[in-house]
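See the structures that follow.
Consider the two complexes below, in which chain A is the common component and chain B and chain C are the respective partners.
Presenting the complex of A and B:
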């Protein structure tokens, strides 16, 4: 009996059809040229932590794509498929297997690409495969959610315009207060500025201090600058999802806003994939030549110091620091020397990490891995390479110029219990920046911190030490604190005490934070109580944001210091 | 010399070479049918990137074992690569010397040279075969073409070593085997992974163009990457930086 030709699913047929449109000479060459020498194998952090599993080897992963290419586009594979390892995809299950490789076993860090003697750029081929899978709806849930937000809301974290502008206003007030200078503000939509500053929505959502720090530096430098009210997201999930249409739309949105404002230069805040997407890939995806200059804020800050526009005192940053090169910055954009030059100016104790620059290892949260919670165990296992790298430096602070790396590093530091903090250059420069006399704050002239007296705050966390810390910080500033160590108690106390604010941990035994959050929102008597999520597991964000209820009023990553806690609590309670 | 050997050394080789060249031409036409990507981004650096230098770096990369971590840290494999490819070059050269300049082989030193280089490549071929069979990762990424190509070259090296003295009067069967094998090799190469060298200039060109334009190539390493590669590093090195012009 003759073997019947397997029936191909509609999705599999579309993937093959679209592959013909996506292939360019560079990718075709890469797919044709691999000799399976295996030299790239040890360059991958997944391999180093899974030495007995050959399916993590870059050449093996590339072969999952190559076999389709050979079967359909290379005539040796068409004629002798078995001989050259060519094979097609037929079922949706085949596509799911490809998804597991393209999204779950590779962060597109490009480390194997620069270690291939043949110049095979597997990362680029893998991004192409991601894009093909996304085009037929085969992708991790997190990728779908984030892509949807960036398509529909305009930024990848679903930050609403009001929320963004409110945060800028808040940070503006913080800056004015810090510098005792009413002119120290964040200008929005000012036309003809020399600098238009674009940021990562993570800064609005989880790390607004970086916005205030950048604003402080622009102000001290006397820069003519502005932030756009729309199109302000310089990140681009199209880089991770492989969706060039999304990449082009997002990039165009930002470019058009800069043109509309007649900005002379677009300065991109510290973000590896944002920098690569906006400065390098964006013009290609958008199919337009960008009529203004673009640079990383790292270069802007370095220039300000070199030109004497800001003065820095490195003795304010004495903790030993090391620097983690983001893959996108260092390996795909050549931005690796300037951060070190800047660090040399603002810290006293810099310790190099090895390997470094374009040979550095991925933070292991790259390529959108932080949004793919199904692969978290894999990611954290592979992070051992990075943890060992970090620990070997002996530094207490790891500096990086990438928000994605901040999350990836923070997560692995918690997982491997390293005694380290993660920060960015903008924070160090703002700390080291010397405020000149004209805007100097007299030592005794600081305003008393706004009191939280009369505010009742329910703090929920299953770690006793954390509860003690929150209680002491909040009570020291006048708040009345009620504690709960689990979800059930939290709900009971909330109904009884009617707090003004709930701070909520996500990972708790029994009723987890996500369930408590939804219960609070669905309770008519508690639905208006603001909630601030404080979690040590950012991958659990989806427990909150996937729920069909109003999002939380605040979100903080652990570990949280007293200043950050108070600033966010005051902001949510509108205590100024 | 028998007519058969004369045919094997001349007409057969010329035909096989012509077929190989034709298939290679078709291969290049095939590759060029894919559109070349365009990079619209502004070049990295205050001055135009040294594109020629970057491309040269990319093309010569394979001859600079210090340039990549994969070759720096796997010196044994790199040495095997060098010996193997020198062996291929020598074995091909021999297939031209025997029919067109046999008097060269009157020199015992040259014969020893061919035998030594190709013999070493034969040993490397066996080592590579062992590696491909014994390592799970290598097995997982190997196709029948990978095994066959390696076996073909290894046997061909052995025949080349035996044929190098060029003694048709006493050793014609070996010479016949070598030349028929060479012809088969030439015919098989364009259809196999051995044709990788045809793509090498293109893959390295496109990767080199992109990474040079973006300021990544030539790769600059930190002063003491060697620390993780098992070499001792002076603490003072940690304060040295490679020189580099401002970027962006």
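Presenting the complex of A and C:
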């Protein structure tokens, strides 16, 4: 009796149909050329940490895609399917299995690709597979959330335009205050600038100090520069999701904004996938010729120092540092030496990690992995390779030019309890930058610091030392301070004292800071009270910003010094 | 296409369809000062990310509270909520087809019509549409633009109280796609109204 042909689901049929349109010479070559020699196997950090599980081997993972290619698009698979391992997909469950491989067992870091003697670029084929799955709605929830934010809000963290502009204004004020120079500002939408600077939305949401640091460097270099009010996100989740349409739309928005502003050069802040997407892949996805130059901010900073436009003092960065090569910056775009040259100029104690450059290991947060929480245990297990690499350097700081790597490395450093911090080149260069002596602005000279007299501030933290510190700093400047060491007390005091501001720790026993924050927002009598989160656990930010209530008015990372605390309190309370 | 000053967001370019205006603007739809706009919703009416994220944060929690009592809805169906703290007074949540599903174009047409009908039931005369299903949900932009313009023009050609329909492009790419379709719909120099009026 003949076997009946299985019925193919709508989604499976669409995947096969669309694969015919996505296959190009590079992908077809990669799918056809593998000889299963196994040389890729040891290059993969997933394999190294799961030696007994063959499903992590790049060749095995590629075979999940290759079998479909062979079955439908290669004559060998049509004629001898049993010989070449050709097979099709029929059900939605088949697609879920493919999702698990394409999203959950590979970060598309391309380390296996450079170790393949046949030139098989598995990451490119894997990206195609991701794109095919996304086109039928089969993707991790986090990928869907981020993709939709970038399609519709214009950036992959859902930062609203008013939040972005408010952050630029805030950082502009910080810069003016730091340099005591009212001309040190962040220009927005200035036409005909030599440099248009585009950033990662993570900088707005979680790490705005990098914006102020970059602005400081542009200002000290005397650069004619601006930031765009729209189309400002230089990241591109299309690279991770495999959605070329998203890739093209996002790249085009940025390019068109630079053209509208008549900018001469687009400088891309430190982000590996953003640089690769914008500088290398974007013009192809967008299908347009880009009429201006594009440059990584790493090269911009290096050029400023070489040309004498800024002066740096490396003795300000004496902590031992090592450098992590972002996969997209390094393996995919060739940025190996420039960041090291820059580091040599701004730090005194650089320690190379091994292996490095094109052979460096993935931070394990690449390929969108940080947005796929269902795979976090796998990711952190695979991060052991990176953790051992970092620990062997003896450095106290790991520097990287990629925001994904910052998050991936920070997470593995916490998980493996390494005594290290993560930072970026822009932070080190800004610290090392020498501010030329200048005449003080007369209006600012001798002006007393604005007083907080009459302001009632509720400080909430479970660490007694921190409470004492906040109280002393704020009371010294006139504020009336009320303390709470836990969430329940905080809510009770807030209702009784009706403070003008609440500073709130997140990680506390019992009712944690996130619950207190939401309760404050949902209490009609307290909903307008501004809240400044001060936390030593930046990974908890998402728990705050994802709540369906107005976001906090301030967000600071511990440890916080007195100047930063006062500056932010005054900003929130509009005390000038 | 002619510049039409129909009030609301920036006038915009558009065409007359029978007694109504169909026009095009480029903006973030959640910031429009309009009587109502359409949100391309899921059947469970969760706001989620993207425009849903913007609605939740700019519009405040009352929208979600109202939705909690309305869902889930059937595919191609639509419901209307207040606009909360948004400039828009109402939001029409319309559950359109997603990700290359079967009969996608028919379902998309039905969703657009149902959104207009639900708005009309509430006496809404001005409504803005995003590029329905394009972008994240994968409806090809040329298909979306052609289908939206033809479906809305056909609806406006019948007896309707809706006087102002705004196609809200999120970027230049969407704007260009709608502009092409609207130009094809525009009246000839003789100035005849477009669509297929049969009132």
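Operating definition for what follows: the second predicted complex is superposed on the first by the 438 of 576 C-alpha atoms of A that agree within 3 Å, B and C clash if a C-alpha of one lies under 4 Å from a C-alpha of the other, contacts with A are read in each partner's own complex, and residues count from 1 in each chain.
The rule we apply is simple: contacts are C-beta pairs under 8 Å (C-beta built on N, C-alpha and C of every residue); 3 or more make two chains touch, one makes a residue touch a chain.
Here the structure is a predicted model, which means the values were calculated and not measured.
Contacts of A:145 after superposition: chain C is touched, whereas chain B is not reached. In the superposed pair of complexes, A:235 makes contact with neither chain B nor chain C. Shared-chain residue A:400: touches no atom of chain B or chain C. In the superposition on chain A, A:424 makes contact with neither chain B nor chain C.
In the superposed pair of complexes, A:135 makes contact with chain C only, with no contact to chain B.
Once the two complexes are laid over each other on the shared chain, residue contacts for A:322 go to neither chain B nor chain C. With both complexes superposed, B is the one of chain B and chain C in contact with more chain A residues.
On chain A, the surface touched by chain B in one complex and the surface touched by chain C in the other have no residue in common. By the touch criterion given at the top, residues 23-30, 32-43, 47, 52, 54-55, 57, 59-60, 63, 74-76, 80, 82-85, 113-121, 279-284, 288-290, 293-296, 299, 330-338, 340, 351-352, 354-359 of chain A touch chain B in their complex. On the side of chain A, the complex with chain C involves touching residues 10-11, 14, 135-137, 144-149, 151-154, 158, 160-161, 245-246, 249, 252-253, 256, 522, 548-551. Of all the residues in chain B, the ones that touch chain A in their complex are 30-32, 34-42, 44-45, 58, 61-62, 68-71, 73-74, 77, 81, 131, 135-146, 148, 191-193, 196, 199-200, 202-204, 206-208, 210-211, 214-216, 219-225, 227-228, 238, 241-242, 244, 246-248. Taken in their complex, chain C has these residues touching chain A: 28, 48-54, 56-58, 60-61, 64, 98-102, 130, 135-136, 138, 170-173.
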